[in-house]
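In what follows, chain A forms one complex with chain B and a second complex with chain C.
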Partner chain A sequence: MVDVLNIALNAAAISALYALVALGFTLIFGVGGVLNLAHGALITVGAFAAQQVFRVLGLPLPLAVLGGILAAGTVSGLLYLGVVRFIQDQTVKVILSTVIIGFLVRHAVRIVFGTGTLTLPQLFPGSAGILGESVQNNMVFVFCSSWVLILALFALVNYTTLGKAILATSMSDRGAALVGIDATRINTYTWLLAGMFAGFAGVLLTSFRSGGWRMGLDPMVLSFAIVVLGGLGSIRGSVLGAYIIGTIETVTVSVVDTRLTGVVPLLILIAVLVVRPQGLFGRAEA
Partner chain B sequence: MDDTHTTRTRHSVARRRFIQAAGTGVVASFAGCSGDSDGGGGVTTSPGTSNGTKPPRNKFEGETIKIGVLGPLPQENPLGKSMANSAKLAAKYIRDQEQEADSDFLEQYVEGSIDRAALAKNYHYKYEHMLGADIEVVVGNTEATPATAKQEYLRLTSEENVDLTVGVFFSSVINGLMDLIAQQGVPHFTTGAAAPQPARLVSQEYEKYKYHFRVGPFNSVALAKAQLEFIDLYADQLGWNKVGVLVEDIADLKPFHDYLKGRIGKHIDTPVIKVTSSGQTNWTPIYDDLESAGVDVALVGLALTGQSAAKQWADQQRPFEFGGIHVFSQFPGFWEDLSGKARYIFTMNSVTPQTENTQFTQPLMKAYNANFDSYPVYSGPITFDAVRLFAAAIRETGTLNPDRLVNFVESRRFEGVSTIVPFAEFTGPDAKYAHEPKFTCMSGDTCDSPIGVPLWQQWQKGKQGEGVEGAGVMECFAPGPVKTADYQKPHWI
Partner chain C sequence: MSTGDSSADTTMDASGDAPLDFGAVEKRPSLAELRDAVAPTPKRIVGLVGLAGLAAVPLAASLTDLIELIGLLYLMLFAMSWDVVSGYTGQLSLGHAFFFGLGGYTTTVANVQHGISPALSIPLGVLVAVVGGLLIGVPALRIRGPYLALVTLIAPIILLQLFVLFSSRLPVLAPAGLKGQNGFATSPAPVVGSGSEALIHIEGFRAALMGQYYLSFVLLVVVLAVLLAVTRSSAGSVFTAIREDERAVSAAGLNPAKFKIFAFTLSAAVGGLAGAMFVHTTAGGAQPSQLLEVLVSVRVIILVVLGGMGTIVGGIVGGVFFMLTTLVLGALDSAVGTVPVLDTGIANLRPVPLLSIALVTVIFAPRGILGWFDRLWAEHVSGEAVPDRETAPLVLVVRRYRQQIRDLGVFGDEER
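Moving on to the complex of A and B:
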């Protein structure tokens, strides 16, 4: 018999994780119109940095999480300042550069840390009972932290000076410059922030399931599917997209066929590109 | 009784001397140590070892016999690294044997005690040489892809002109190489992949594909048979009444799944049989299904997704046991990789750093550790055996002709060569799966001539004094003859 409540709880938890994975990707596209295909590599950087802090330096897990977030944010910021800044108006060059850098980072991680398994302990071990179902505390944490960050990002963008500057830059670099906003500085902040989201997602992925040098590839594809479904650049669209994909995937695995894991996002991606290329919250091109 | 005692004494002496030598980083002699005083021992083949004219001792003096190793990422991946390192270890061992044989001859010559006839026999059986030839190992990196493997195979056979290729871990890779192996006509000993397809090809088109042998492990159909045998023998003992089967959707495990699917229900109540995605990352819904079905154990066949499955099972402390064919659990570094979450996971394996399958297993483990500061995955010992088996065939036949070597290898039983099984013997051309290691059964409880493997290993916490305190060890809980510890139930069950 299908346990609907169990499926719903699983879907909510995994969708929250997917939302975190996709947020950084959509943020960069929303502000700079840049498809950052090195996003998966930033997830990997976050995971490995946290693991180094925890296992090699022997620091407590919360500091390891912080280390992962800061490392991925730093790499992301440097990626923007060192490469993307100079070519951000040339879409093809940006796509190629970020793909190549993504591969370089992956292989650098492979060479430095090897091909072994990457693990972090659960941030919150144990389980809790919700409506009679047992739910892992770690997933409750993922769900809660995901929503805290989503709401914080909304608040940042809509109610702070920095957020308004980000919005202004996303509409027009020149227009923003006319009112005294330094677009490069705002873009750097955006990349830093997006990298930190990616780093946190990498830590959570590793804590939840384990990782390795290739761990960024699937989240990259997943992010792409989510933001295309939600509408490129739309934060609320990405959140909704994550929940749609997470739910369909959980239902598919639980009820239809476990082999379809990983296939669902791709099928949705193709369907959206054909039927509604602007996504749920994107604007159709004239 | 006396014979048994003599054999055991001889073997324990061999072990001691090997370990002493291994500790200094030298690959010592198996055969020289274990051989009895009149020159018996070492690797023997039957029928026909003790009779007939032997090739001249120095027939290949001045020549170099080249062995090509094909492994996935042999610089860094434990599977490929184990293969490459073990082939090099075997080469070093054979070179050392050659020198020992020469020293022995010189010593007797100086003493004036030389008996040429006895010495000739001695050289033949006591030392694992290649009739005076040097041996060189050339490593190829398949990158775990059929396309790269083909390039590397052609490099080894056409440019390096190797006399034998060994290795290959993934089924897709060996399946993709079969036509090239037929084309090049160079013997190939598979030492990792479990796909049954190559053996079917040998059986169906013998003349074309006869150059392929699998030294180990057993193919995935035999592994499925072993899985059922294990259930028959141990399910009651372990308190299992219901099992759930999870097999990953990859070519390597498809024959395993297909064989089990129609049969396991006749052996034990199996309410869940699922094929899982090779991209599975979230195991929660799947484990929920197993839990609601009330299974006692998840019998898995997992390769690529084994780490996340294991971590989530342990993190979530699911109320069922977990194991089967879990490839990552076969890696000696898995405990550390998974930060101890490997505890209680069991898997089939061919050999572990703890087991003593044959008298040669532990000496090899210690020699490997002394030389490479780690322990090999099972593909290592099998590769080590493969090189020594090839050396024995050259020594016996005095030829490098591939057809004659193939004919010899397929028609003989090799004793004293394997670190895994009591003897190495291959199925003949007429068998359904040809040129495969002969699999009868795992345990003496189910047939008259048990092969003793696959063995069943469980990750357990090491006791004080066994290496690093608290580190994991790969204990073997079945079958009886190779058992090193009792099975442990997860503490949360």
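Moving on to the complex of A and C:
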């Protein structure tokens, strides 16, 4: 029983982290129809910015977290305004250029900051007891903050004017334009938002484990699995997908074999793509 | 249009000898066209001179340069294999390393762990890569665009994960394991080498390397000829048509699925062959960094993008460009030393310069060096107009529509 509880708590925390990464990715695809393969690099940017603020500027940790979020958001917004905005109708160009930009950003980080391992202290040191099981405070924070952000995003999309404009743009660029919504502005907001989610995820990942200039790649691949499972572009699908994949991974890793980390989500992904390409909540292709 | 008997061997699905006019796709080439196909146009002469240059380069190269050049030839082969499927049919693959890896690892395991001669293990590698091509190609019929890009990106990552999983032992298939992240330390027997285990024995290290280079060069020329023949044939026209409008291809009574699978299989075979031959040279080895990592796939894409997508020759042109930038950066590195602000050597900047050039090319000159060359040629020499995708009628209509919406000024507080 104790073992089951432990696995469940671990799965909840990991899934919450995965959801953060996947949300930004799916938001961009859902609204602009753009596959942002530079998403992983934004994770790296967030982590390195936070580390710079904390270690070099010597500012307190909460400010470092904020710095990471803002830096990744800025890079993401610039990426949209500077490059993607002009080519977003051309799928091939978008995919190729975001792949290239992802590598460019990652290597820029490597050249400027070196290849060393990245660490941040735990955001909330110590541990708490949940149902008799000792859990790191850090994990509790990851879980709670992830859900606060998920709910905030839901509220934003469903109950505000901006959210309605985002939904309208995601349904039809042209229709949105006809009722006076500027798609470029909406897209910029979603890219900013997505970048901030990625930046936060980067900071959490670094504080949770550790980071480095290549750290963005694995979470990004994982978020592919999640968003494809949930349906590309569906927020609710991504959250569910994150929990399904996070749980299955935690269970296989702790019950079957540790070496299975990373393999299971990808196999699930391939199965989903072959059986039901539009995912659980995705719109079938017209 | 149609020249009497339609030579619809594999291309027609519905009725065998229906009097349908498929235009250029179904036409059997006349003698005059065949003559045109091999006529020494200026562009072809430039191409032949380029190939002659590639054949001459090793004569002046040092030993280390020679090894790098061999690696470059295989990079070009990888690039051509990508171009067949992604450049022509528009089925964007982000993980062609999957095929290189399958070919290279299969022949390595067969040779090192089962003692099979390269003469047999290389074809085995090609076979496994072809199976891999079918594995990707068949599901690729159902998924397209972003989804396909994701699957192909993930295929080599899964393969690498499996190699890590079975790094020390895989029963029956690889008794000594697949060596995980580091890859094989022992290289398989070379096809051309100075040692006794080599398939073709040549005395002396330099002579053996030269042998390897020219064997690879011959492979490059053969593959180039085959791919040019396929893509310039009626099948090639269908590939391009699939890229432009798949529904139109179906409407013309051709089955896009068949052609897509053909493209994927052909591409996998070439990629697998190149991967398999590569590990049997001094330049290559069955290591993830050489055959499987995401950067390998991306580098291949970059070469084709630089050279020109959908041209086959683009991969070679991109490869030459890659070599030149490496040379320039190397010279700068020894001349300048460190970059002032960043405080690091220029060599350490790799691959940023190439990535930047590729990014600019993707956005501003999507037809690459060859497209640019075509336009210059048309403008200054032949005077013909070159069709430009950027100003295709449909693009112009959409652009005008957008502009009109903007001009209406409905976006109240718009900044532009």
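Operating definition for what follows: the second predicted complex is superposed on the first by the 283 of 286 C-alpha atoms of A that agree within 3 Å, B and C clash if a C-alpha of one lies under 4 Å from a C-alpha of the other, contacts with A are read in each partner's own complex, and residues count from 1 in each chain.
Please note the rule applied: contacts are C-beta pairs under 8 Å (C-beta built on N, C-alpha and C of every residue); 3 or more make two chains touch, one makes a residue touch a chain.
Quick caveat: nothing in here was measured; it's all calculated off a predicted structure.
Peer 1: Mind telling me which of the two, chain B or chain C, contacts the most residues of chain A?
Peer 2: Touching more of chain A: C.
Peer 1: Is A:R259 touching the first partner chain B, the second partner chain C, both, or neither of them?
Peer 2: Once the two structures are laid over each other on A, A:R259 reaches both partners.
Peer 1: Tell me the contact category for A:F86 with respect to chain B and chain C: first, second, both or neither.
Peer 2: After superposing on A, A:F86 lies in contact with chain C but is clear of chain B.
Peer 1: Look at A:L232 in the shared chain and tell me whether it touches chain B only, chain C only, both, or neither; answer first, second, both or neither.
Peer 2: second
Peer 1: Does chain B (first) or chain C (second) touch A:N138, or do both, or does neither?
Peer 2: The answer is first: A:N138 touches chain B but not chain C.
Peer 1: Determine, under the contact definition given at the top, whether A:I7 touches first (chain B), second (chain C), both, or neither.
Peer 2: first
Peer 1: Quick check for you: in the superposed arrangement, does A:T115 touch first (chain B), second (chain C), both or neither?
Peer 2: The answer is first: A:T115 touches chain B but not chain C.
Peer 1: Based on the superposed arrangement, let me know which partner A:T250 touches: chain B (first), chain C (second), both, or neither?
Peer 2: First partner only.
Peer 1: Using the touch definition from the top, say if A:V99 reaches chain B (first), chain C (second), both or neither.
Peer 2: So A:V99 only meets chain C here.
Peer 1: Check the residue A:L269 against both partner chains and state whether it touches chain B (first), chain C (second), both, or neither.
Peer 2: In the superposition, A:L269 contacts chain C only.
Peer 1: Same chain A residues contacting chain B and chain C, which ones?
Peer 2: Looking at chain A, the two contact sets intersect at 259-260, 262-263.
Peer 1: Mind pulling up the chain B residues that touch chain A in the complex?
Peer 2: 73, 76-77, 249, 274-277, 279-286, 288-289, 292, 307-308, 311-312, 315-317, 328, 333-334, 337-339, 341
Peer 1: Spell out the residues on chain A that touch chain C in their complex, using ranges where they run on.
Peer 2: Listed in rising order, the residues are 29, 35, 37, 83, 86-87, 89, 91-93, 95-97, 99-101, 103-104, 107-108, 111-112, 177-178, 180, 182, 185, 217, 221, 224-225, 228, 232, 259-260, 262-263, 266-267, 269-270, 273-274, 277, 285.
Peer 1: Mind pulling up the chain C residues that touch chain A in the complex?
Peer 2: 90, 92, 94, 139, 142-147, 149-151, 153-154, 157-158, 161-162, 164-165, 294-295, 298, 301-302, 305, 342, 344, 348-349, 351-352, 355-356, 358-359, 362-363, 366, 398, 405, 410-412, 414
Peer 1: Spell out the part of chain A that touches chain B in their complex, as residue ranges.
Peer 2: So the residues of chain A in touch with chain B come to 3, 6-7, 10, 13-14, 55, 110, 114-117, 119, 121-122, 125, 127, 136, 138-139, 208-210, 212, 218, 250, 253-254, 257-263.
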